[in-house]
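Just dropping this structure here.
Chain nomenclature is as follows: A, B, C, D, E and F, assigned in order of appearance, with residue numbering initiated at 1 for each chain independently.
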Amino acid sequence: MSASSERGLTHVDAAGAARMVDVSAKDVTARSATAVGAVVTTTEVIGLLQSGGLPKGDALAVARLAGIMGAKKTPDIIPLCHPIALHGVTVDLTPGVDRVEISVTTRTADRTGVEMEALTAVAAAGLALIDMIKAVDPAASLDGVRVTRKLGGKTGEWVRS
Amino acid sequence: MSASSERGLTHVDAAGAARMVDVSAKDVTARSATAVGAVVTTTEVIGLLQSGGLPKGDALAVARLAGIMGAKKTPDIIPLCHPIALHGVTVDLTPGVDRVEISVTTRTADRTGVEMEALTAVAAAGLALIDMIKAVDPAASLDGVRVTRKLGGKTGEWVRS
Amino acid sequence: MSASSERGLTHVDAAGAARMVDVSAKDVTARSATAVGAVVTTTEVIGLLQSGGLPKGDALAVARLAGIMGAKKTPDIIPLCHPIALHGVTVDLTPGVDRVEISVTTRTADRTGVEMEALTAVAAAGLALIDMIKAVDPAASLDGVRVTRKLGGKTGEWVRS
Amino acid sequence: MSASSERGLTHVDAAGAARMVDVSAKDVTARSATAVGAVVTTTEVIGLLQSGGLPKGDALAVARLAGIMGAKKTPDIIPLCHPIALHGVTVDLTPGVDRVEISVTTRTADRTGVEMEALTAVAAAGLALIDMIKAVDPAASLDGVRVTRKLGGKTGEWVRS
Amino acid sequence: MSASSERGLTHVDAAGAARMVDVSAKDVTARSATAVGAVVTTTEVIGLLQSGGLPKGDALAVARLAGIMGAKKTPDIIPLCHPIALHGVTVDLTPGVDRVEISVTTRTADRTGVEMEALTAVAAAGLALIDMIKAVDPAASLDGVRVTRKLGGKTGEWVRS
Amino acid sequence: MSASSERGLTHVDAAGAARMVDVSAKDVTARSATAVGAVVTTTEVIGLLQSGGLPKGDALAVARLAGIMGAKKTPDIIPLCHPIALHGVTVDLTPGVDRVEISVTTRTADRTGVEMEALTAVAAAGLALIDMIKAVDPAASLDGVRVTRKLGGKTGEWVRS
């Protein structure tokens, strides 16, 4: 058996039909995941979002909240994702010269990992930010949405190299 | 009045408080938007998703559906977005050597544009794809989520340069 | 052009890809639809649901509410359905000897019909009823969920023959 | 016909069955509503929420966002409410000595009023605030949630006396 | 005490008021349920859904996904259902001469059974299929939605006779 | 360290950023909460809701259902609330001379308390009632929404004094 058939698409069966994979036999363990991404925009927009390094008004709070609430909506947005206990979510937004870096860490003690929750939170936070700045910068983009680290479960720790 | 105050963050008021902007006085016109993005992965994954250029099983269908349903969930995911009539959504997925290009077009006849719906659909389709391939490629990323064209409303046509 | 290509599956394109069909060019007209179905159960259950022809407690109200709220959730449950203005919903439940007949009428003034809303309401009402009686009759079934009449739009009136 | 039968419960029919009232024949007009309420807490909590009259951190932003998103969820929370176009929402939070006053204005151009959207936004903002302060003040309460003014539709202006 | 009072409607209390039954004292055990149903249509529609026994395009995938996502939405659709961990869902669609048979198996390790999740998935898959074929066959119906087998919990195995 | 810094706003971090607090290390214990509130209206409305002390039609059932379903929607309505297993909900509605008293008890065996679920259920039941009576009494208000008792978790029993 080749490596690629051993490592196939677990979410479709042998006939190609989509399914929600049965995880009832997996252990309940502490698990966490960190995902990152960035909204790439203009220096003008960064100036509108903060002043002297401090946030101005609710704009970053809106993105942070969209991230936290997006993490909770993950099983509704990602068709084959399991509904899962979500025990903690933090969303960090770091404005740079012409971009806002987004980093989300999700935690649970359940039967599957929380990478999709972290990724969905990054995307929701990024899109909420784009929504607020699109009148000023219609060309803003969301880039580099990816998992950087996950912990727990059968595979233990995985760190993006 | 400076250019930057004329083009401020419309979703927060003068005191910085978030709000859903009143659009009741805007015209109902035909509007559309196209957004794109890409899931960057490995050639092995592309081989699992298709065979001889044809899709294998439901994997691409899952991503397409996630995109269409994601477009409908936009006002639930993006805090300050208006709930809007959504009259059409198409999601195109084009596998390349080591990536899947995503392009979404959304259409409406309503009082606000549908860029956020197109962007949310791209993100949902991309994340659904990452969910299906993450056991094979935990390092897959979603990149370049951005609007490429919008039509209708007061500003008429805007094309990404 | 053959009859079958003229009357193909409108929700998939020529390549077989699912899409939300663009209805922005369709007229806003008054539309309504009626759908029916039945929960088939036992005379014992009918006795528990009513007494002397009158409802006992909230059981039928729960099913009626599930129907009305189910109609509103249609675009969330049916992947390719348009989110639509829903202007009226009535759910009629008629207990018989060993069954409860369900009839739902939905109304709108919008660009697409409301058959799916009526069908979804019938299914939600029927399943909510089964949920309440399943401890007494685990074999209850939901049968004959179908549209009986629709009005409005390009095709005018359609009545099940 | 008596006054009380003329002014009955419109959301139930003559037999007492709940229904979503048909509004398809009502006019599309500009409508707005204002609702208010207050979270009653302690001076210690007010101190934690702000400093020198300025908000500290995201706490008030969270309540404001909960209000705006709650307004959008109204048809999901209130069983017999119509899904409606919502064109604008503002949430004002005014900390006092031992309470936070909440005032929400909602706007639409549709066939029914937006009082329920304003009331739901007040409740959601108030409950979100209670959630954040409950570790410090488990006895906080939400009081006086009521409509103070509505405009538009057949009845024109109504102001709470 | 008669058999029928011993086996009353558990979802309403002695006064007839609806409630969500307290299950906190029930054991967490592995549980599964299988439910079936069928969309009854025409041979022409079956021809459009497949060709030479193979699915054509995304139509069956849409119904399968609607089923899986419908299972996750069960506590939102069925008013008195508990929100539950859902650990696995498979949806099998088998086209026949003039019908598509639907079979869904749901699995969990939790305090209540997953019959309602299986039934809701069957209904959602069936209605999604009807949505896609209704332009060709407006008379299609969903029939025989019922539980055929459940496993786990206090009652152990139950098989439809 | 002062009392007020020891008992700060747990839902925001030291920099004021909102977060979903990590509860994965908290014990799974049986927990319950009771919250109350009241809809204050007119004697005429109370007469429409019941006759001779008995409910007329579905109106109180609608409010009860809105409460139960509202409890399930709590993590969707309250931004920083954890999605939680909800094991039981009862909603008691007691009509008085010119008001309807609402009392909700929620139960779980999970890592966090269920006060917010009880409060949200009271608010949803109260608002659903106001929705049904607003054509007769546009001045109805929801008052005194507050927790009266909670049990379980690290703090054990808390009773409102």
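Here, a contact is a pair of C-beta atoms (placed from the backbone, for glycine too) under 8 Å apart; a residue touches a chain by one contact, two chains touch by 3 or more.
Since the structure is predicted, the reported quantities are computational estimates derived from the model, not experimental observations.
**Q** If you tally contacting C-beta pairs, which pair wins, B-D or D-F?
**A** Output for the comparison: D-F.
**Q** On a C-alpha centroid basis, what's the spacing between subunit B and subunit E, in Å?
**A** 32
**Q** Measuring centre to centre with CA averages, how many angstrom lie between subunit A and subunit C?
**A** 36
**Q** In whole angstrom, how far does the Cα centroid of subunit A sit from the Cα centroid of subunit B?
**A** One centre to the other, that is 16 Å.
**Q** Indicate the residues of subunit D shared as contacts by at least two other chains.
**A** 17-18, 58, 61-62, 64-65, 69, 73, 76, 79-80, 83, 85
**Q** Applying that definition of touch, give me each pair of chains that meets it.
**A** A-B, A-D, A-E, A-F, B-C, B-D, B-E, C-D, C-E, C-F, D-F, E-F
**Q** What residues on subunit D touch subunit C, complex-wise?
**A** My answer: residues 13, 17-24, 75-76, 79-80, 82-85, 110-111.
**Q** Could you please specify the touching residues of subunit F with respect to subunit D in the complex?
**A** Touch list, subunit F to subunit D: 4, 7-12, 15-18, 37, 44, 47-49, 56-59, 61-62, 65-66, 69-70, 73, 76-81, 115-116, 119-120, 123-124, 126-128, 130-136, 138-147, 150, 158, 160-161.
**Q** Spell out the part of subunit E that touches subunit A in their complex, as residue ranges.
**A** Against subunit A, the touching part of subunit E is residues 30, 61, 64-65, 68-69, 71-73, 83, 85-92, 107-109.
**Q** Under the touch definition given earlier, write down the residues of subunit C that touch subunit F in their complex.
**A** 58, 61-62, 64-65, 69
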